[in-house]
Amino acid sequence: MNKKALLNLSIVILVTLLAACGGGAVAPTESAGGSTTPQKGGAMIIAYKDDLATLDPAIGYDWTNWPAIKMVFDGLLDYDSGTTITPRLAETLPTVSADGTVYTFKLRKGVKFSNGREFNADDVVYTITRVLDPKTGSPGAGFFVGIKGAQDFIDGKATSVEGIKALDANTVEFTLNSPDVTFLNKMAINFSFIVPKEEVEKAGENFGHAPVGTGPFTLKEWKSGESLTFERNPNYFYEGLPYLDSITIQVGVAPDVALLRLEKGEIQMMGDPPPGADWARITSDSAWANRIEKQPTVNTTYIAINTTAPPFDNLKVRQAFNYAIDKQRIVQLLNGRATVANQILPPLMPGYDPAYTGYGYDPEKAKALLKEAGFENGFETSIECISVDPQPKLCESFQQDLAKVGIKLTINNLAAPNVIDDAGNGKTPLVWSGGLAWTQDYPDPDDFYAPILGCDSNIPGGWNWSRYCNKDLHAKSIELLSMTDRNARLEAYKPLFKALMDDAVWVPVINGEYDVAHSANLHGQPTLSHPEHLFIYETMWMSQ
Amino acid sequence: MFTLLTRRLLQAIPVLFGISVITFLLIYYLPADPARMYAGPSATVATVPRIRHELGLDLPLWEQYGRYMQRVFSGDLGFSYRKQIPVTSLLLSRIPYTLALICGGIFVELLIGLPVGLASAVARGQWMDRLGMFIALVGVSAPPFWLGLLLLYWLGYLIPIFPLGGTGSLRHLILPSLTAGLGGAAWYARMMRSSTLDILSADYIRTAHAKGLRNILVILRHVLPNALNPIITMAGLDIPWFIGGVVLVERVFDWPGVGRLAVEAIETVDVPLILGTVIFTAIIVVISGIVIDLAQGFADPRIRQGKL
Amino acid sequence: MALCSPKTNMKINSRRNLIAELPADKANASLNVLSAPVESGAFAMAWRRLRHDRTAMFGGAFVILIVLVAILAPVLSPHDPTEQFRDGLTLDGQPVPSTLFMKTGPNFPLGTDANGRDLLSRILYGARISLLVGVLANLLAVTIGTFVGSIAAYFGGWLETILMRFTDMMMAFPTLLLAMTLVAILKPSVWIIILVIGAVYWTWIARVIYGQVLALRDRDFVIATRALGAGRLFTLFHHILPQLFPTIIVWGTLGIATNVMLEASLSYLGIGVQPPTPSWGGMIQQGQSFYRAAPWLVIFPGLAIMLTVFAFNLFGDGLRDALDPTQSGRS
């Protein structure tokens, strides 16, 4: 998953101390050992630095708006408190045909949108079609192109998508071009959250600011640039949820100010991780015990190397870069809130290879490789980083590392959309993905290949910043998508990702952490954060 | 008076027109592609040319300008690429904050600067004068963003008197206003001192003293009004710099005003927003200039009558 | 030729001149620029006055000190300003405070910054950027401004209208925003910044020069020169321009103060010189998130800016006084 504006790189997963009291990992449904039962009521305030761009599920694609969108909308499927898929707007998990290409969903009855109308199968057809529709401009369209007839629809050759059919008011059938074991994950992702046609058409472009959905909360008020207020949806189909009466998201609050407001009790939660400058202070302060939840997100942060831009089309140069970077230093600069990454997949992603050692820190070897490649005297190049703290600081560390092997690096600190744009269009030879990418959209290794390193994403504006297309690997990845034996499949991904590392398409630098600072009376059920959704607002509650 | 107003307004029109043209040209030559910016980072290949056509970015430059100005006059300043809301409503929601900050800043400037300047002039040569002018010189030399951070540190964190950023009450306005105004206060102090000294040596002041008027009355009734005259003129020239200072202060304190909006717009290459905010701030400058001119016309009858 | 009394001058000057003569920005502490023309021998007299003005001489010495520091930065700095040290950060990545009073260990007299670089070295090298930008940008601004202002005032007619309207228009832009937009269009680098600051600042000088030349244009000695058959350009260059030298000198000095401040502001907003080159404003921007845990990151670079601007203001003030002591405002 890509983030437009993650403020701080540091992202860690630990289980909350509540769960730790219970010992070990928390099971999906049991409440954390030793905690009290959730109480209903309370108003929670969370503060973010960046503004929320939109609440339209088809458009929103960053860590700020995803959890908020989940407040107002639901999808057919969802995850439990971990990574297991559970039905949500669907009554049960779908039935899959023998060849794995047809998914039939039976929908829950009696679910209402906040405008009073009951949800039905036509809404599902409308929602997914809308995501695929080029006019919508959804960044998630790529997840659904595997549906039969989707490409024809996108190309304008058809007026609807053949593979999505409403069989009756409560049954929807999806037909895929080929088997895809990740399809269920795609039906749990934000882009698949159901929207009501009449409201979308009524609001037009403004739907993202006046959302109507089936979710646990409704948007009550949006003061642009200041705050968004959500209220409990009394008709929510899950009995007893949500616990909180209202949630206010404040925006435009710098993390250090947010931290101080949290300390004073003016807010209950920080949307961004606490700033590095205060980290030492709060971790050594006993008043802060139990108030920082660490969520190791499934993330790798890397330097993307544009493999089509000379001299980076030379494998030895790319490998030299991998040896030249001091990753431990980056961890130190991040107050230890990260771990060194040596491969594409993060440790928590299934398919991760613990035996793989990758490239280590070896400036001498880097210099030797550069010499072999014919660049004994180094060369000049540039990197783009987002201008949000601490990314520029980290890029300056790269600058020093590369200077030591003779490379003169110019740093271009730009705003996130500019970096994403330049990187997507191959306008810069190097990009530091800190603050932007890449965290999983769903727990499957294909999510770390197809959207960012696969041939299909090697298009102008795509997220394949390495501009890399290896047809053999691509064909292999398609094969792997239809493998049904889970263990064999995961094993089969190891050589694929090793091949990518051998080709040195990236310099994977760290796996990040996400630290959530919150007040003592705010609890999650079981935790405030979630490996897939980042924050689960509906199960948060406040003790009085 | 009326003729003065009309004259100034007519003069302002070509200025505003020129500003809009220059700004538009500047934006036109920005290296980033606005259509891509608008489409967002994850748009598909086909979306971008379509958006470019929708936004009219494939039209010749003068046509684009014409369309833009047409919309401006009907109150539509375009749609912010990044924030996905109309620029006009964005501006309107931020204007009150910037206005509050401007008022606060001017308040500080005048309230501190003018009396200090006056007192220094009256106590010319003595220690109070020297000290006052020394502090003023220091104040003028200190970067406003540095002052702001120091104030935040000392009066917000070490001794938590004031809140650390954010809005919501008068107390939140104090530190930002101080930051915006202290530099100017120092400047006005020096100006006031000079202007007052000019007046103090004039004949009519000596006459007033000779008449037996008490010093304080002389100062208040004769010196002060005349000394303020040139100050008003200088204040008019100060506006473009003051707005720049407001931008910096809004940055330091995360104040949700137009200045910070402009900085965000420039950073994210949000073309309509840049156009909107720059034109808006330029309008403020021009209008303040006219207001100052009128104030001067009010204060000095010679100007009103066109004799000066 | 007798010097006119400045007060009389101010009364008979048109109101336009009054405005034109008054400088506008706050970093520039000068109050009134000269309105009286300069006669021969005036420079010698001015120099004598300057020498006896203790504050001005102090300011001048201060300026020289800062210039020396900038030039001698490599000698004075304990370290390379771009080197990020292992022990420049604590174990959990925080900047290290001053090690002045520690007998052993690394030498960081003012502590380190967020990347583990020595702050003192960066401040000393930062002087180079500030002075370079300040002096060159101001040079550019004064050149353009003098050119535009004098031509507009002297030749009059439509040229005057166009030039001064254009100047008015440029002045209506909020200075900082205009600079930011320009730098955003052209990628930030030292030379672009110099260009942009100069391109934004010249208007103020143009105004002042305009007023002055307007006043001088109708003076007897100019009319006499023309009557003798001198060409217009010749008159402009040989007779009017030298009269402007005091103004130019004063603005040339005080303008440096303003431009140093502008450069610092641009760097603070993140569009100044690029890393790893140290710039005082940029250092404050990088350090501001640490202002609670490591306030020295903000205090010292800001102090450097303030002292530099202060020095140029002090000296510039003194120059102004020396070049025209009949101006009020000084004891």
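Just so it is clear, A, B and C label the chains in written order, and each chain counts residues from 1 on its own.
In this text, a contact is a pair of C-beta atoms (placed from the backbone, for glycine too) under 8 Å apart; a residue touches a chain by one contact, two chains touch by 3 or more.
Please read all numbers here as calculations on a predicted model, not as lab measurements.
*Asks:* Measuring centre to centre, with centres taken as mean CA positions, what chain is farthest from subunit B?
*Replies:* A
*Asks:* For the interfaces B-C and A-C, which has the higher count of C-beta pairs in contact?
*Replies:* If we tally the C-beta pairs in contact for B-C and A-C, the bigger total goes to B-C.
*Asks:* Measuring from the mean of all protein Cα atoms shown, which chain centre lies nearest?
*Replies:* Going by the distance between chain centres and the overall C-alpha centre, it is B.
*Asks:* Indicate the whole-number Å distance between the mean C-alpha point of subunit A and the mean C-alpha point of subunit B.
*Replies:* Averaging C-alpha atoms per chain gives centres 42 Å apart.
*Asks:* Between subunit B and subunit C, tell me the centre distance in angstrom, where each centre is the average of that chain's C-alpha atoms.
*Replies:* Spacing between the chain centres: roughly 21 Å.
*Asks:* Just how far, in Å, is the C-alpha centre of subunit C from the one of subunit A?
*Replies:* 48
*Asks:* For subunit C, what residues touch not just one other chain but two or more?
*Replies:* 270, 292, in rising order.
*Asks:* Touching two or more other chains, which residues of subunit B qualify?
*Replies:* 157, 267, 269
*Asks:* At least two other chains touched by the same residue of subunit A: list those residues.
*Replies:* 256, 387
*Asks:* So in the complex, the part of subunit B that touches subunit A is made up of which residues?
*Replies:* Within the complex, subunit B contacts subunit A at residues 32-33, 36-37, 39-48, 50-51, 82-85, 89-90, 93-94, 157, 164-166, 254, 256, 261, 267-269.
*Asks:* Note which residues of subunit B are touching subunit C in the complex, please.
*Replies:* Those in contact with subunit C are residues 14-16, 18-19, 22-23, 26-27, 29-31, 124-125, 129, 136-138, 140-143, 145-146, 149-150, 152-153, 157, 183-184, 186-187, 190-191, 193-194, 197-198, 201, 230, 233-234, 236-238, 240-241, 243-245, 247-248, 251-252, 262-263, 266-267, 269, 274, 277-278, 281-282, 285-286, 289, 303, 308.
*Asks:* Looking at the complex, which residues from subunit C come into contact with subunit A?
*Replies:* Against subunit A, the touching part of subunit C is residues 82-84, 89-94, 114-115, 187, 270, 274-276, 286, 289-290, 292-294.
*Asks:* Residue numbers of subunit A touching subunit C in their complex, please.
*Replies:* It comes out as residues 255-256, 275-281, 329, 332-336, 387, 389-390, 392-393, 395-397, 399-400, 410-413.
*Asks:* With touch defined as at the start, can you tell me which subunit A residues reach subunit B in the complex?
*Replies:* Subunit A residues touching subunit B: 2, 4, 51, 53-54, 59, 61, 134, 137-142, 154, 205, 208-209, 223-226, 252-254, 256-257, 260-261, 387, 414-418, 420-421, 424-425, 459-461, 463.
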